[in-house]
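Chain lettering (A, B, C and D) follows the sequence in which the chains are written, and residue indices restart at 1 in each chain.
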Amino acid sequence: MIVEWVIRALGIIAVLSALVAITRRNPIYSAVFLGLNFLCLGGIFTFYVSPFVGAVQIIVYAGAILVLFVLAIMILNLRDEDLGPSRRTVVKFFAVIAAIGVVWLIITITAGFVPPGREAGTISAAQVGRALLEAHVVAFEVISVLLITAVVGAVVLAKKRMEV
Amino acid sequence: MEDAMLRLILLFPLAGFLFNAFLGKRAGERVVSWVGPASIFFSFATGVYFMSQLAGLGEHGYIRDVIFTWIASGEVSIPFSIVFDHLSGWMVLVVTGVGFLIHVYSIGYMHGDKGYYRYFAYLNLFVFMMLVLVLGSNLLLMFLGWEGVGLCSYLLIGFWFTEEERARAGMKAFIVNRIGDLGFILGIATLLWGSAVVSHPTVEFSQLQAVVPRLPEWVVLAATLLLFVGATGKSAQIPLYVWLPDAMAGPTPVSALIHAATMVTAGVYMVARMNFAYSAAPLAMDVVAGVGVATAFFAATMGLVATDIKKVLAYSTVSQLGYMFVGVGVGAYAGGMFHLTTHAFFKALLFLGAGSVIHGMSGEQDIRKMGGLKDKMPWTYRVFLIEGLALAGIPPFAGFFSKDEILFKAFASGHKLIWAVGIAAAFMTAFYTFRLIFLVFYNTPRYDESVHPHESPPVMIIPMAILAVLSFIGGFVLGFPHHSLIEAFMEGVFRHGVEIHGASGLEMGLMFLSTIVAVAGWAVAYRMYVVDTTLPEKIAQRFKAAYALLFNRYWVDEIYDTLFVKTYLGISDGIMRYIVDDVIIEGFLNTAARTSLGTGRQLRKLQTGDVQAYGFAMLAGVLLVLAYIVWRWAT
Amino acid sequence: MKLLTLLIMFPLVVSLIIMLVPRRYEGDVKFVAFVAAVIELILSLRLWYGIPEKGYAFVEQVAWVPAYGINYYLGVDGVSILLIILTTFLTTIAILASFKSIFLYEKEYYIAFLVLESAIIGSFSALNLVLFYIFWEMMLIPMVLIIGVWGSGNRIYAAVKFFLFTLVGSLLMLLALIYLGKLSLAQLGRVSFDLDDLLRLGIPVGVGKWLFAAFALAFAIKVPMFPVHTWLPDAHTEAPTAGSIILAGVLLKVGAYGFFRYGVPVYPDAAGALRWTFLILGLIAISYGAMLALVQKDLKRLIAYSSVSHMGFVVVGLFSSNQQAVDGAVMQMINHGLSTGALFLLVGMIYDRRHTRLIKDFGGLAAAIPLYSAAFVIVGLSSIGLPGLNGFIGEVLVVLGAFREHYLAGVFTAIGALLAASYMLWAIKRVFFGPITHDENRNLRDMSVREWVCVIPLIVLIVYLGLFPGRVLKIMKPATKHYLELAEFERTNWMAEHLKGIRFPAEESPHEHGGEGE
Amino acid sequence: MFGELIILSAVLFAVGAVGFLTRRNAFVVLMSLELMLNAANVVFVAASKQWGGPEGLASVLIVIAIAAAEAAVALAALLALFRVVGTEKIDEWRALRG
């Protein structure tokens, strides 16, 4: 039972950190709180079903992507951001309304829906590995291609305009 | 009786046309002047030969020659076949005879003209087309000749096409003829499908003769009236006569041949050929007679004041044609044909005479600028006098007998009013004929010194002399009352005709009366134009309005022009520019094009370039889908 | 041997060969094209001796896409033979006529013509609806190129307009065609577009009307019929001489042929129901075309509007219920092809010399160039239907046929012939007669030998067909009779009805049915 | 437990969406994008637990890989854009206006 309470706590922290992340004026602070959010989710995954995936989440998201963000922000050494003209409030208001609407709709749709099948225990890394490399090997290969192109793309984009 | 030689009558003028048209330019004037008249003469000779053959065949005899099947579609089959019977034989002789004389005359008249070969080519083509019209054994073949003749008159009127006026006159003649032909083709259609119901679709004259009595009244009436519309177009009767006065723009021999002797009589010939149909529809007969006498009177009035020598003769032709239609209209078909023949003689002669006057006066046509040519051109004067007497209807000349025949038959068959109007017209005819003679040949010359009239060369005088003899003896030889050769000759063809017999005493009385009227006309003209030349001015002043009305030909041309030509042009122009092509159809297309362009431009504004706006649109989309699922799932 | 396939493929092969000719020798490509056209003409004359008494001749049938019932099914009957020969004849003359007037992209020009010719022959001989549709579309592309590339003035506008008009029509036809496939699947168990299968389909009247309307619109745009004709004047004024000859001479006939082969026979009852609307549209086209022709300033536009009027005769003929009218319609198609083709040829000649088509720029040409004027007057008279020349035969048969249909129809058709005389004669007067107003006209040179070679065969045919149409009428007889049997128009004969009740006057002795006629 | 996780993911997604739509700073926008992706992962994990199959987790891995690739390219583009346009305010990038 403790596990459920831990997961619920981590969930709440995740939501709060996400809220703080999107409201900070200074991008570095929002990056840090985003990192916290990733950690909480990693925790949820490990306690809930698969420590392997939780670890991957923490390593890749918190470790790699977040660092990338922080790096980019520091390269551009941005000042604090003024929160901009009022014109945005109208859009903000509608965006919030729309977001709340989506949440409410999802909840009503999934309320009381208990999926069939029995609840599994923790799923080991081997099982995940076998699923990836046997059943969905095609997806696995495609992802590798995607990653390569992303790397090349990033290098080309960020390169200074040298006369070639 | 079948005889394949009959087609020679047609082939000669056709050969003449082809030779002149294609080889004429190289062959030179000499050869052309031989080939042209020769082809007509040979045709005339074959005509005489066949006439002798015909005499042996009795009243209903005819010579037929089926050359080939022209149009065959479904059950309608129209052969290209020619029939030489009493009526068409007579017409062939008239056409080729007068035609030949006029061809000879033209050698002199057209001497030295650049388009000499072209002139003779058209003239030969005209005679060919006229013969097709006359000899054709069915209405459609007659229609072929009908329009072919119209074409030749178009070409010949506009012969000197370099002058704007003459080209316009040619076009006007052809279009007015076409209006008439519209009625003609509809008449053919009525008869064709009428006979289809009764027996089998045909327009052959022989078969129509049997079919028409079996057709109901209104079909025959409709057909005959429609055909008569065609006749008014071709023979220049009341509604469609406007083209004839302008047709004088053509060379004079053309006016003599086409607009006096042959083409314009086609309408009379058609009515005579369809006598069985017309006698089956008495109302149509009355219409024909009525229009005829109205035209006769109306044209005669215009003739009184015309100043151009050829215009006077043109109105006189229209008026005499009116008489012929009165003749056939009252059922005196033989009388009508008789007047047609004599008219061919003396009217052609009048035109040739006028031609030689114009030739002598080197192109001057206004009679007010002529005078005293009696001694300058003696032969022309003598010939002109003879035919003047014939036209006016002074006995013993031809005109008297034929015109009197018609008036007598009109009176005897009960058309009293028609007879009265006819007599009045006869008086006017006599008056304007002698007015013309006195103005041209008598008292002091009114032309200026530069002009020195000279007598025409013999090649023109001889044919005129022959025609003068014909118009002198023609009268009593062909149609002496009670034993007229022409009536007996055409008895077979007109067996359906209405038999009119009047007491001979009545006939003598009427003849005497019309002589007095003619002499009165001569006296009045003599008094006004020889004795006291100021009289015409005084009368013109006193009856100013009447004079203006007549002089401007009742403004008929102007009325037609504004009423039909301008409005028709206006409508077409209106349609073209405003209503349909530019506004409705094009407009519809352009608006369709513009609207699609407009909507495209509006939609472009949606792409604001703001990434978050796109994000918002996507979110809104998700929202809607989810809402739909909830709504769908909730119900 | 497969004559029809040969006829269709031969021009394509030659155009391939022309494609290989390097730019340097572009000058003598026109001779190759001309020789090919002449050979094609001789081949097509072979058709003249195989005229079927019943059904089709030179039939070729090869399964192409059997699953969808599309097979390469060719065959010709009397009418299509005449139209094919007209096509090859006019193409030969068109190519000969463009020797001296086309100097830009000559290779592509002659390729376009040869492809156009094979497409037209294909559409006249196709007996499978889809094959017909393919050739129908294939015709469009070269024609648009001819107008768009070698035209004059705002040719792009004219080409685009022509293309859009025809395309819209044929797309609707495509839809109807697909629905027809569905129907044939439902009724025959398999999808088949062969004409003889389509004729067996029992098409319900309700939907049949819509299908026929779609087909009819496509054909009506091509004919062109009254409301949808505005592309024709633009296309003609901007097309080069040879383009106009083929466009007016043959392309318009494909539209009318469409009605004759796939329009009315496939939807007999729908056509029967809509018959009077098309008759009236045809009548309007006749007088409307004539009226507008009267006020045109440009000679080519005048001839274009006169084509609208003449094709109005064809439509009236096709939708009347008697043999004479249909014969007249087919005759009018051929005559119109000859006389309008000749007219465009002649106008093209003075356009090459004076580079203007406006009537007011001419005047008194007869004095300057007599032979040319004589040719123009003869052709002009044939186009207004002077008896003795070819135009008359078609017109008189349609007038008689329409009159039998209803006397008003007869009257309006005859009025059309009268209006025709007015605009043509007025145009001839303004262009040829009267004094020479512009001195450029004074020293125009008369027709060269090459131009004479183009014109003489046309004039000879015009005069020959005018006097001896018997041969041609006999050829088309089985085809037109077959068309009437399929069309099942109710045989109205207003005269018969009127005469039924009335007792005739005294019965004459049975009239001697003498040996007249044949 | 499954229901609560779904709610969590919905809320996370909403927060991400709000961040994406309202903030003018390009980086925060990208971060909220990552948030939305994580919301999706949460659902995958919950589903994998419930259906007991490893496929859910496999797809989580794939999503993470994609997110990484996407972040890399996005940031590179951001840097290039910053150099060209001079600002990272997202609403100034109007070049692609219609």
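The criterion applied here is as follows: a residue touches a chain if its C-beta (ideal position, glycine included) is under 8 Å from a C-beta of that chain, and two chains touch if they have at least 3 such contacts.
This one's a predicted model, so the numbers in the text were calculated from it and none came from an experiment.
K.L.:
If I rank B-C and B-D by number of C-beta contact pairs, which comes first?
P.N.:
Here the pair linked by more C-beta pairs in contact is B-C.
K.L.:
With chain centres set to the mean of the C-alpha atoms, which chain is at the far end from chain A?
P.N.:
Centre of mass proxy via C-alpha means gives B as farthest from chain A.
K.L.:
Can you check how far apart chain B and chain C are, centre to centre, with Cα atoms defining each centre and the answer in Å?
P.N.:
Inter-chain centre distance comes to 36 Å.
K.L.:
Rounded to a whole Å, what is the gap between the Cα centroids of chain B and chain D?
P.N.:
Using C-alpha averages as centres, the distance is 98 Å.
K.L.:
Just curious, how far off is chain D from chain A if you go by their C-alpha centres, in Å?
P.N.:
6
K.L.:
Report the inter-centroid distance (CA atoms only) between chain A and chain B in whole Å.
P.N.:
Inter-chain centre distance comes to 104 Å.
K.L.:
Going by the touch rule set out above, which residues of chain A reach two or more other chains?
P.N.:
Residues 91, 95, 98-99, 102, 106.
K.L.:
Mind pulling the chain D residues that touch 2 or more other chains?
P.N.:
Each of 17, 21-22 in chain D touches at least two other chains.
K.L.:
Taking each residue of chain B in turn, which ones touch at least two of the other chains?
P.N.:
612, 616, 619
K.L.:
Among the chains present, which pairs are found to touch?
P.N.:
All chain pairs meeting the touch criterion are A-B, A-D, B-C, B-D.
K.L.:
Would you tell me which residues of chain D are touching chain A in their complex?
P.N.:
By the definition above, chain D touches chain A via 1-8, 10-19, 21-25, 27-28, 30-32, 34-35, 38, 41-42, 45-55, 57-58, 60-62, 64-73, 75-80, 82, 88-89.
K.L.:
Which stretch or stretches of chain C touch chain B in the complex?
P.N.:
Residue list for chain C touching chain B: 161, 227, 230, 288, 291-292, 294-296, 322-324, 327-328, 364, 366-367, 381, 386-388, 392-393, 396-397, 399-400, 403-404, 407, 410-411, 414-415, 417-418, 421-422, 425-426, 428-429, 432-436, 467-470, 473-474, 477, 481, 493, 495-496, 498-499, 502, 504-508, 511-512, 514, 516-518.
K.L.:
Touching residues of chain A toward chain B in the complex: what are they?
P.N.:
Touch residues, chain A against chain B: 91, 94-95, 98-99, 101-102, 105-106, 108-109.
K.L.:
Show which residues of chain B lie in contact with chain A when the two form their complex.
P.N.:
The touching residues are 612-613, 616, 619-620, 622-623, 626-627, 629-630, 633.
K.L.:
Applying the document's contact rule, which stretches of chain A touch chain D when the two form their complex?
P.N.:
Of all residues in chain A, those touching chain D are 4, 7-8, 11, 14-15, 18-19, 21-22, 24, 27, 30-31, 34, 37-38, 41, 44-45, 48-50, 52-53, 56-57, 60-61, 64-65, 68-69, 72-73, 75-76, 78, 81, 83-84, 88, 91-92, 95-96, 98-100, 102-103, 106-107, 110-115, 117-120, 123, 127-128, 130-132, 135-136, 139-140, 143, 146-147, 149-151, 153-158.
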